[in-house]
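I have a structure I would like to understand better, so I am pasting it below and will then ask my questions one at a time.
To keep things simple, chains are lettered A, B, C, D, E and F as they appear, and every chain counts its residues starting from 1.
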Amino acid sequence: MVKTNEKLIVKGKRLDGRAIEDLRPVKMDVDVIERADGSAQVAFGNTETIVSVYGPRKLYPRFLQKSDTGILRCRYNMAPFSVEDRKRPGPGRRSIEISKVTRLALEPATFLTDFPKTVVDVFIEVLRGDGSTRVAGVNAASIALATAGVPMRDLVVACSVGKIDGKLVVDLNGLEDNNSEADIAFAIMPSKEKVTLLQMDGRLTKEELFESLDLAKKTCKKIYEMQKSALKESFKD
Amino acid sequence: MVKTNEKLIVKGKRLDGRAIEDLRPVKMDVDVIERADGSAQVAFGNTETIVSVYGPRKLYPRFLQKSDTGILRCRYNMAPFSVEDRKRPGPGRRSIEISKVTRLALEPATFLTDFPKTVVDVFIEVLRGDGSTRVAGVNAASIALATAGVPMRDLVVACSVGKIDGKLVVDLNGLEDNNSEADIAFAIMPSKEKVTLLQMDGRLTKEELFESLDLAKKTCKKIYEMQKSALKESFKD
Amino acid sequence: MVKTNEKLIVKGKRLDGRAIEDLRPVKMDVDVIERADGSAQVAFGNTETIVSVYGPRKLYPRFLQKSDTGILRCRYNMAPFSVEDRKRPGPGRRSIEISKVTRLALEPATFLTDFPKTVVDVFIEVLRGDGSTRVAGVNAASIALATAGVPMRDLVVACSVGKIDGKLVVDLNGLEDNNSEADIAFAIMPSKEKVTLLQMDGRLTKEELFESLDLAKKTCKKIYEMQKSALKESFKD
Amino acid sequence: MENYASNLLLSGKRIDNRKLDEFREIEIKQGIIDKAEGSAMVKLGKTKILAGVKIGLGTPFPDTPNEGMLIVNAEFTPLASPDFESGPPGEDATELARVVDRGIRESKCIDLKKLCKTPREMVLCVFVDIHIINHDGNLIDCAFLASLAALMDTKIPKIKDDRIVRGKFEKDLPVLYKPIEVTVCKVDDKFVLDPMFKEEAVIESKLTVCVRDDEKICALQKQGSKELTMDDIKKMIEIAIDKSKELRKLFER
Amino acid sequence: MENYASNLLLSGKRIDNRKLDEFREIEIKQGIIDKAEGSAMVKLGKTKILAGVKIGLGTPFPDTPNEGMLIVNAEFTPLASPDFESGPPGEDATELARVVDRGIRESKCIDLKKLCKTPREMVLCVFVDIHIINHDGNLIDCAFLASLAALMDTKIPKIKDDRIVRGKFEKDLPVLYKPIEVTVCKVDDKFVLDPMFKEEAVIESKLTVCVRDDEKICALQKQGSKELTMDDIKKMIEIAIDKSKELRKLFER
Amino acid sequence: MENYASNLLLSGKRIDNRKLDEFREIEIKQGIIDKAEGSAMVKLGKTKILAGVKIGLGTPFPDTPNEGMLIVNAEFTPLASPDFESGPPGEDATELARVVDRGIRESKCIDLKKLCKTPREMVLCVFVDIHIINHDGNLIDCAFLASLAALMDTKIPKIKDDRIVRGKFEKDLPVLYKPIEVTVCKVDDKFVLDPMFKEEAVIESKLTVCVRDDEKICALQKQGSKELTMDDIKKMIEIAIDKSKELRKLFER
């Protein structure tokens, strides 16, 4: 984690050259893991996650099964080499929490009642970590679920917004995240504008917060289009 | 753990002002945890334990069930803030042993043959630790079991006795325990004088030991009356 | 682990006085653990392992059972006091790997198809570690299986060979192992000359390697005779 | 899932006749654990949570070489509910600890820079341990109140020869703000505060909001398996801001 | 639970014709693990236990800055009994290790103050590892004999540049006393010593007593799920004191 | 176990028409993880493995006081196969990591002596983390290629005030050799290289051979539950030596 005392926005441009509402270059690919039922790889600049989906498949041990619906499980994991100082393998408290909020972000979009006693597993690996990893994971998981043929009400689209140098910006990179006055992880099902993930750290007035949420919603619409074209590409094949 | 080279008994009084056969101020309350089937909170001076009892309830996984009787389980745990240097959460070897001897101290008093395939769980938390925590836990567990309606032959009453500055004393506090020549944890079912817990550390002659045991028995009778009045209080409501 | 810069072979003799193809003094005993279904104790010089075999016995939990055959499990473990710096109890990565290759070394010799749904457990404890512990374990396990009455196609015989001071030698002790240019763990079913364990570390030319393998095979024949007489001794009783 | 309290709640009423945005009675007792540098028991109706603060010494994180460390840990002791199990903290205990941690950390209510003894080498560690004693709903709000009360009760011990002298104190832990976490729950189209355990059965989504004395929002955490509209969120934040003012009064003496 | 040996014991007889207070044959072999600083294998009838002592270097506990450390660990290796399982020590192995530890520690048979190299910084650690090889009953008594024999066999290694020089020794570990642990078992109204595994099936309560050379009692541990009377306890302690004298002779050479 | 690819293999043919000793297409991409000091993704047909190298600082092992440390770790991420599970590395992941470790270590392809900063006190640690992304067979060979490629991509970071300055580099990690691990499989009496996942179902024994540029053999590991003859082994080693020459060309640029 790098702290800096320098300005993060100079003449309206962020240090990587972006305007305050610019995303980093986004890359979205699906069907990248052949053994999986669905998969996707999503990069926002130097943040990259890869996701595979397995299921619906019968859930064992049996006492975990639900007789009226399938269930969703998520695992968010950072590869040891994804961050500056090697991360020891195994789930820490941060990963446990992110796995939970990711599952809750995706759950409202899936309906598994046609698959009682089954489980859908979503495995998210962060290969490169440079800020906003959890929302990259949600974006990848969402399209991976779609390619796996899991029934969905809508895609789930996620982004981060934050406040740096007194300005609201989108898609924070690692340096911005570590030096932000506030950052927000946000996910929405765009068609009916239903929010499924909302976490915030920092210090914002109510007005700034509401503005941030509107900015997040607007940003997610852009990402939604990217998700849809990534999926279209894949269905062409 | 504090070691001292000073006298622990001065002019017949212990450093906290007690005579050698005095207990610290005792507090006993029952029904302190509403969600539990039975519960109790017991303090001896600055040592305080809280206990909840759940059950008899069906035992899972099934292969642990006994077809002819219910079983008793105990967990003794020290809260991280109960001792001078923060205790890392999770069971250490000391807790594992105390959990076992506590179960064996309570087992002879309970009869669970009318509840085959069930378990009664006794959870003991040490909130404040200042010596003699395990016997405080047994005293609390005993009345918690009674309030839970678990069938019992008798209450189990426990106390500590030890040798400091060459004298036998009862209810050692933390400082006395750390500087004692011997200490004993003792529990008895008073009606028929049956001993269910006996552990000793230190160095005592046979005569001193026998005297200690008689002192422990005598002390337990006092505590027995306190247990009974705590229970009577609760049945009034 | 001791590294040395001294010669390991002086005038054709190794530091412990052995010629290059000499084994250390070998001791083999069977039926050393009464509670086990089969057991053996094998020492090569200061390396000593003790093995017990339990089974075939019903395997639980049930989902691990195979309906057409019994299965073999192995656990290799070093006692904390078996090495210079105390080994912390519990399986490390080395033990996990050796447990696996030991199982694979023994599996081809056993046939458990007459015992569906069962398991045969082989527990190997290294009591004294002075090089070549895994092959000592395989030798002990092999005769322990035989005394347990587990049906076997042949015994499994194991030895180590290595290169020190430019020469190929057999049965490396700890000092030789730590300073070797190469070492090999090898096991064979002698009657039909089938190799069941082969691991190698170090640097050898192909020619040296092939020569080593022939040396290992030759050495195993000697050990085979020792195994058979140890078993004969036991059947006398 | 079926019970009388939750059925009532679905029809907009509460079994104890509270208003939907009304908290149960709150009782805060500080200074109850003599071995801890700070402690508090908070009763929120029948929910009881004990927080203890221990101060230790440690090496700072490399990227904050002159800041003390804050470690928040929560145990859902099996004591507190028939549903809690022994073992390491699960998903819910971990989330609770992290949401409380975030509220304390992000509000900057403790000045961690004041807890540095020797930069890069020795700083104070503030361990907040949250023990659930009885679970009757609304654990996060109650745990936050208990943690704040315990921090406000905390004294910094004397340090001699690089070791802590237990029982001797230098000064109070400086607590600069009184942030409050309020969890706003949504049941159908209604917003509800401080649900009891049985009421929680019908709550499908929640938003925990941490509000500082100056009305800055310092943390948000959406929970529950159902979605929220943008409007819901804005209303929930307004409700939380209002309620935080009322709850903060508990600490004004 | 039904077996011939235990049925016999109920009627006051033993399958190997021993008297009720008679131990099986004891064989003690010291110095058998060359990599350990001390070791012993003790056979008590068919019960076989191996104890190894390793000496290491460590930082002392803050409250005993000039004392060496004693760490006793027991493994119920799955080797020794079809009932033992792989994995971390369970309740029984933990209890055994702690009861043996207490007998050694409380009898002060090792002078831990002699094991301090630099106060507060470096002391010797004495690791006693107990390995059960064959379980045929009376594990605690056998484990204690093995541990004492291993400690009496222990040599303190040379230390150079703050590291242990393996294989070079300075002197013997000073063992000041020969404490003995005797476990007295109660079956109906009879007291029994040194039960075999099959006999243990009918034993409902036990008392382990650690007795030092000067007849001081250094540790007690009641075991088993049945109660004892005050009289039982006193008799059991007398029996243990008597038997300890006999067993101590094993170490007099 | 029944599938078309494996049945074909039994009759000496391959579903993708490869020769028995032919590898699938190999693609090596280095430098793809910007936070790692070295990295590579290797695709072997549809098997995809990512290796990342992180450099850290540590205290050397007491018996090699002036050598850097090499730590190889493998995760069979549940991502890569429906058969992999979350949790600590199992038997197969452990074996893979250790066989890759041995090939790198024993071939001396990295000069660990060059990674010592202060003898006995501070050395560089080279962490090789192997992440399986998609499992379509022949994991060890692919993991070894990825690890070697990642090591060849590795730069040693600057060190200032005993701490690593991330993002600033001193020089390349010196890689002295290009060892190659080839796993030769036996099916009936045929030898097969680079099996796909479905083909592996009928493979009963394998031998992994690590061959260095000078044709020295640096590691062997027999796998599978069936035995090999002495002749098999010799042939398998010859095959591996031949194939290693071909594979090594991938790294010659």
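We adopt the following convention: a contact is a pair of C-beta atoms (placed from the backbone, for glycine too) under 8 Å apart; a residue touches a chain by one contact, two chains touch by 3 or more.
Not measured: the values here are computed from a predicted model.
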item	value
Chains contacting each of chain C and chain D, listed by label	none
Longest centre-to-centre distance from chain C, chain (CA-based)	D
Label of the chain whose CA centroid is most distant from the centroid of chain E	A
Rounded Å distance between chain B and chain F, as computed from the means of their C-alpha atoms	57
Inter-centroid spacing, chain B versus chain A (mean Cα positions, whole Å)	51
Centroid distance [mean C-alpha coordinates] between chain E and chain D, Å	48
Whole-Å gap between the CA centroids of chain B and chain E	27
Shared-contact residues (touching 2 or more other chains) in chain D	89
Of all residues in chain A, the ones touching two or more other chains	2
Category of the chain touch graph - line, ring, star, complete, other	ring
Circular arrangement of chains, read from chain C onward through chain E	C, E, B, D, A, F
In the complex, chain C residues that touch chain F	1-3, 93-94, 96-97, 99-101, 104, 107-108, 184, 189, 193-206, 209-210, 213-214, 217
Contact footprint of chain F on chain A as seen in their complex	2, 32-36, 46, 50-52, 54, 57, 75, 77, 79-86, 89-90, 121, 123, 125, 127-130
Contacting residues of chain F [partner chain A, same complex]	33-36, 39, 46, 48, 50, 52-54, 56, 73, 75, 77-82, 86, 88-89, 127, 129, 131, 133-136, 166, 197
Partner chain B, residues of chain E touching it in the complex	63-64, 89, 91, 94-95, 97-98, 102, 106-108, 207, 212, 215-230, 232-234, 237-238, 241
